[in-house]
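Common to both upcoming complexes is subunit A, partnered first by subunit B, then by subunit C.
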Partner chain A sequence: MASHSTASAVPAPAVSGRRKRPPSERGFLFTALAPPFFLLICFYVYPTVFNVENSLTDLSLFGLRDGGEWIGLENYVELMTSPDFRRVVWNTVVWLTVVGVSVRIVLGLALAFLLNSATLKRWRLSTISRILLIVPWATPPVVAIIVWRWLLDPRVGAVNAALISLGIIDQPIAFLATAGWVWPAVITIITWNTLPLVTLTFMASLQSLPHELIEAAEIDGASKWQVMRYVYIPHLKPAIVIMVLMSTFWTFNNFIYIWLTTGAGPGTYTNVMATEIYIKAFIEGRLGYSSAAGVVMATIMTIFGLIYLRVIAERELKEEGEA
Partner chain B sequence: MTEKISRRQVVAGAAGLALAAPAVHAQQQVTITFRFNDPEAPQMRGALDEFERRNPDIKVTMQRVSWGDAQQQYLREAAVGSAPDVAQLAFVWPRAFGGARSLRPLDDYIQRDGARLGAGGWDGFFARDLAVGADNKVYAIPWTTDTFAMMYNKDLFAQAGITSFPTDWEALRAASQTIQQRTGKPGWAFPAGSCGTPAIWFFMNFYWWSKGPGLIDRGSDGRFLVSMTPQQIQEGFDYYNRYLQEGHNPRASLSICLWGAPEVVEGMLSGNIAMCSNPDTVAIEILDKWAQRNPGRPAPFATAPHPAGPNGSRTFFGGRMLGISPNSRFPEQAWKLIQYLVTPDPTFARFYTNYTPAQQAAITARAWAPEMSGYPAQLRTARSWGPYGTGPVAIPFMWNAVGRAAGSVFIGEKTAAQASQELHDAISRELARNQR
Partner chain C sequence: MNAFALGRRLGLNLLGEIVLVLVTLAVLFVLVYPTAWVIVASFKTPETMFAATQWRFTFQNYVSVMQAGFGRNILNSLVLCIGSVLIATVIAVNAAYAFSRKRFAFKRFLFGSVLFGQTFPWIILVTPIFILFARLGLLNNWLSMMFVYVSVSIPFSIYLLVGYLKAVPKSLDEAAIIDGATHFQIIWKIVFPIMLPGIVATATYAFLLCWSEYLFAVAILTQEEMKTMPLALYLYFGENVTEWGNVMAASALTTLPTLLMFLPLQTQMVSGLSAGSVKQ
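Let's look at the complex of A and B:
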């Protein structure tokens, strides 16, 4: 009898296995979730739908009041068949993202190991190095770009002056206007400004590595390379994956570094998707076409986003399993 | 029956009146916004202060936007009703802006006040055709006018043994090369960089126009077409590319995009550049800075028209216009400001002194310094943008496309033939799209 009454006091599980929420709890959840959902609809869903709608029209900057005429998939067909756009995608994916992110990750790892090394601590350079590392990160991109443009200037730039005085070159190089140099120069500027975050993330991960693990590996006769390969890298792997994905997001979308450094030039040599969208929309006035380019760009980013979410989900599942 | 008014009521009434007076005044005073994009902001603020002194019921807030962003910024604002009351516009914008219903038609104001406008009335204004929309309504008032001319360093020319300024394109290139060989200084170090509004667009057109047709023209059937062959386009690319290949325009010029860039101005002032091509405002800036830095020393500069081809020496009439946005709540006050700004005295006489009013009387009456004699000579042979402004391809589209095609040739990314063909195709496609 007692057991029967106890059983009746606890709500029986629903047939589907889900617990049925009382109406008051549902109301609270709805009230709590409504504002963010409303904001998401206003500032994300509506602009996205509006942009897709525009991409199917010939909307022009000179016809904003009248709106564009429906032209179906014409903008997308033009995009996909344009050799210029293929070049833009190549620049964005290969130069800006693959090369840019790779350089940042490799240098970030190297710097993290250096700043975490016993040698630096022994020389009491650890703290000052970390403070110096923060400086580029604290510099706003606009300021960083102006400073670097000045440094790389062929007439008065310190880099050319140094290279000439060292006898490495005899004529100044227009780093930001020469085909062979412009991409390395742009990657250098982006890396300088964004490297600290990557380095600090790897450093934090390194510092969470128990020292006993390294000692145990060394006692077992592991070489330095084997310690790196079997202890450090597996430990750093989650941080590396997250930084690769996050850096890819930040870099792929980037507009400011390219636009302020080279104006997408010389010619169209450094034109990437973000600058192409700006040029088509606000210089050539083709808002419909640039909206289509924006949709393509967003689609590529969505794929990256899904990969990112999958990685995060797998990690959480693994952690739950371990717990 | 007479009603007695208590002392308290009198005091309350007086206080009420005293409080209401500023409110009435505040209601009468309106604030309008003026979008001004040229570098002479302090001088223009002086002119606006004088306007406010003469019109105490109008306050003017000056807004600033770079020329590179001015067009798209204004069009976006006008579409949502937040454009400035009065805007400074490039010469070739009003037609397209009028078509986009982003400017207020000014015909009624001109009909009412046209006789008193500027130095000699509306009929005395220059480039009025560019202010008229496709619907024949007037959308802007021409404000200033200018053109490009060549400025050169006489001392460097003398050192190189060149006694007069070249009058044809090949002679100019030869002179540029000779200067470099004999003095070690660049000859014509024109900005060869790529950006949204590169200077090379102007230089390319000067070359093409002097040799033959422009990029686009209206055909006999009334439709617009690309009036140059890819080979004619290529000639221009090849011509300017030779300066870089032969080394008398250093490759460092590939990192300069704008005609009045500090590198150009300082290069002229320091004697490190022998020639440049600039609008008169930049030439005046160079002369002024020379006078400040070298008091009492005569400037070593002179100006001359660009080289001529079979069509003569051809540059363009450039300039600025003033328009009123359709969303202005105070169009009368905005019109009053325009009337004031286009009046030569005091605006041009005291404040905006580097600029020439776009009025026939003012142009003919302007006294040019001896060093500036190339500008009035160039103005005599300058042309209107013509089909560029009235055609269906927006000038910014061609500006960007020509600049980027030239940039691709200069860095060796594309051959001149390839870039010319692609440019021809791109403008043809844009024409076809906009003439559907």
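Let's look at the complex of A and C:
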């Protein structure tokens, strides 16, 4: 490979092979790839290693300059034996991620079918729906959280006012401060804010499905259910897989929705891994313990990350094969 | 099909269609209402803000939020986000071109590490980066904040741009190579204009990410005059007393730019973000 780039300023004759490289090849690759990888190492790799190191100490926010004492695996032992931390992992994995992502995918699929239906086209609602669908996506999460905190407020909120005037409830419900309501309420907020991207992706996939396929299936006498099962679902599968994976990263790693909506409360009822790391580091000042929790979280995420890479890599391989 | 059956079929379909349309309208209402309400409420006096029927129009909320120093926060956010996005885009375009057009050692591994960056939880990075910045005296510093925003934007920017580059015919840059153009000339003079829509969509997405970023900003920017819009906005939404007029005006000011950027770009952004997931 290198032998091509050693011949310096000699202009390549027109008849030479297409694989012949101009002399500037290596220089270009270096200039193009060094800046991003320098940043990635400084921003992702080094802090991660530093985090592992801190997790083995009792470093405190209030004694940053002095550094921490080496305490071995004590932080990890405390994490693993703490019932609080088990609750945090349960909240993160089950409520936030499994429930949150499933709701988003199911609603996203339903909405994509609805907005893609022939009925809406006949009623000239397709374009306007598509434009309005963007609105929640374009609303920054901080604003989404503020407006939903108002909507769900027991004193001035519109949701309680509407439910009372419809006679569904007598007393206002403090959705974000009641144990039974807080998770559904938080998931509603996250879903509202993130549903458009999922829906639009599924819509794009639906539109790439050749119409003849459905017609052919119908002519062959397939029932609606069979068309769904054997035509739509297999076609949508790649989009569903990618959206499940991406939603999982976004949700699992997200800090702001829980922190600004409930502050991990009531009490620590909605505490998740991201808020636990933040609370331990910046409120209780236990940087060492917080780092250990971070290492556990990174490990769980790495597993998802490897699955994601596999899926993407397979797709890229396929495309290169086609080209 | 006789006339009776046809009529029956149409009647049933009509009923079904009306139900579908009503469901659609209800869904659209839920999707739009919260944001629309913020914008409407920002023009209402705080006394009439929560009243469904009363309505008194005012600009006072905007005047008072500006007097509270929100102008400074807008400026901070604009400078920080535009600066970071420009740097990130230049870096990402060059790298994406290398990944898309060149063969080199460890390419698969390197591209994989870029993708991996997308999946990495920021919360884990906040603590070590805070410690490092605190020790090096880099807290409350624009450059350190830009370093963070450029770094978080780069992984998905490269990923999206590699996707857009697939649509640019390779014959164009091959012709330019024969004409003796350097790689950077090819990228910025030939490829850049062709894939500009994709670059704009990627840059918009990066901009929105910085525009609404809260976590790193709250850890690194502790001085009042350094705070970005999301931080200031959340401060108005205080622990005990909420200044609703300020909250709504600040929320509207934070949302309007993103809304205006999203609408024309939606098709581009969706096709980029879901690139690959649509193909079989």
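What we mean here is this: the second predicted complex is superposed on the first by the 279 of 323 C-alpha atoms of A that agree within 3 Å, B and C clash if a C-alpha of one lies under 4 Å from a C-alpha of the other, contacts with A are read in each partner's own complex, and residues count from 1 in each chain.
The rule we apply is simple: contacts are C-beta pairs under 8 Å (C-beta built on N, C-alpha and C of every residue); 3 or more make two chains touch, one makes a residue touch a chain.
Note that the coordinates shown come from a computational prediction; the quantities given were computed from them, not determined experimentally.
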**Asked** Where does A:V98 make contact in the superposed view: on subunit B (first), on subunit C (second), on both, or on neither?
**Response** neither
**Asked** For A:V244, is the partner it touches subunit B (first), subunit C (second), both, or none of the two (neither)?
**Response** neither
**Request:** Go through the superposed model and pick first if A:T178 touches only subunit B, second if only subunit C, both, or neither.
**Result:** first
**Asked** Taking the superposition as given, does A:F282 touch the first partner, subunit B, the second, subunit C, both, or neither?
**Response** both
**Message:** A:P154 in the overlay: touching subunit B, subunit C, both, or neither? Say first, second, both or neither.
**Reply:** first
**Asked** After lining up the shared chain so the two structures overlap, which partner does A:P266 touch, if you call subunit B first and subunit C second: first, second, both or neither?
**Response** first
**Touched partner set for A:Y44, first subunit B, second subunit C, both or neither** = second
**Prompt:** Looking at subunit A, does subunit C or subunit B touch more of its residues?
**Reply:** C
**Request:** Check the residue A:L309 against both partner chains and state whether it touches subunit B (first), subunit C (second), both, or neither.
**Result:** second
**Message:** One more residue to check, A:I164. First (subunit B), second (subunit C), both or neither?
**Reply:** neither
**Message:** Just to be sure I follow: which residues of subunit A are touched by subunit B in one complex and then by subunit C in the other one?
**Reply:** 64-65, 281-282
**Message:** Going by the contact rule set out above, which residues of subunit C touch subunit A in the complex?
**Reply:** 16-17, 20-21, 23-24, 27-28, 30-32, 34-38, 50, 52, 91-92, 94-95, 97-98, 102, 104-105, 108, 110, 112-132, 134-135, 147-148, 150-152, 154-155, 158, 166, 174, 177-178, 180, 182-184, 208, 211-212, 214-215, 219, 230, 233-234, 237, 247, 251, 254-255, 258-259, 261-263, 266, 270-271, 273-274, 276-280
**Request:** Name, in rising order, each residue of subunit A that touches subunit B in their complex.
**Result:** 58, 61-66, 153-155, 172, 174, 176-179, 262-269, 279, 281-285
**subunit A - residues contacting subunit C, complex** = 1, 11, 14, 18, 22, 24-25, 28-29, 31-33, 35-37, 39-40, 42-44, 47-48, 50-51, 54, 59, 64-65, 111, 114-115, 117, 119-120, 122-123, 125, 129-144, 146-149, 151, 156, 158, 161, 192, 195-197, 200-201, 204-205, 208, 235, 238-239, 241-243, 249, 252-253, 255-256, 260, 273-274, 277-278, 281-282, 287, 290-291, 294-295, 297-298, 301, 304-305, 308-309, 312-313, 315-316, 319
**Prompt:** Which of the residues in subunit B end up touching subunit A in this complex?
**Reply:** 69, 71-72, 75-76, 78-79, 96-97, 99-102, 193-196, 250-252, 254-255, 257, 263, 394, 396-397, 399-400, 404-414, 433
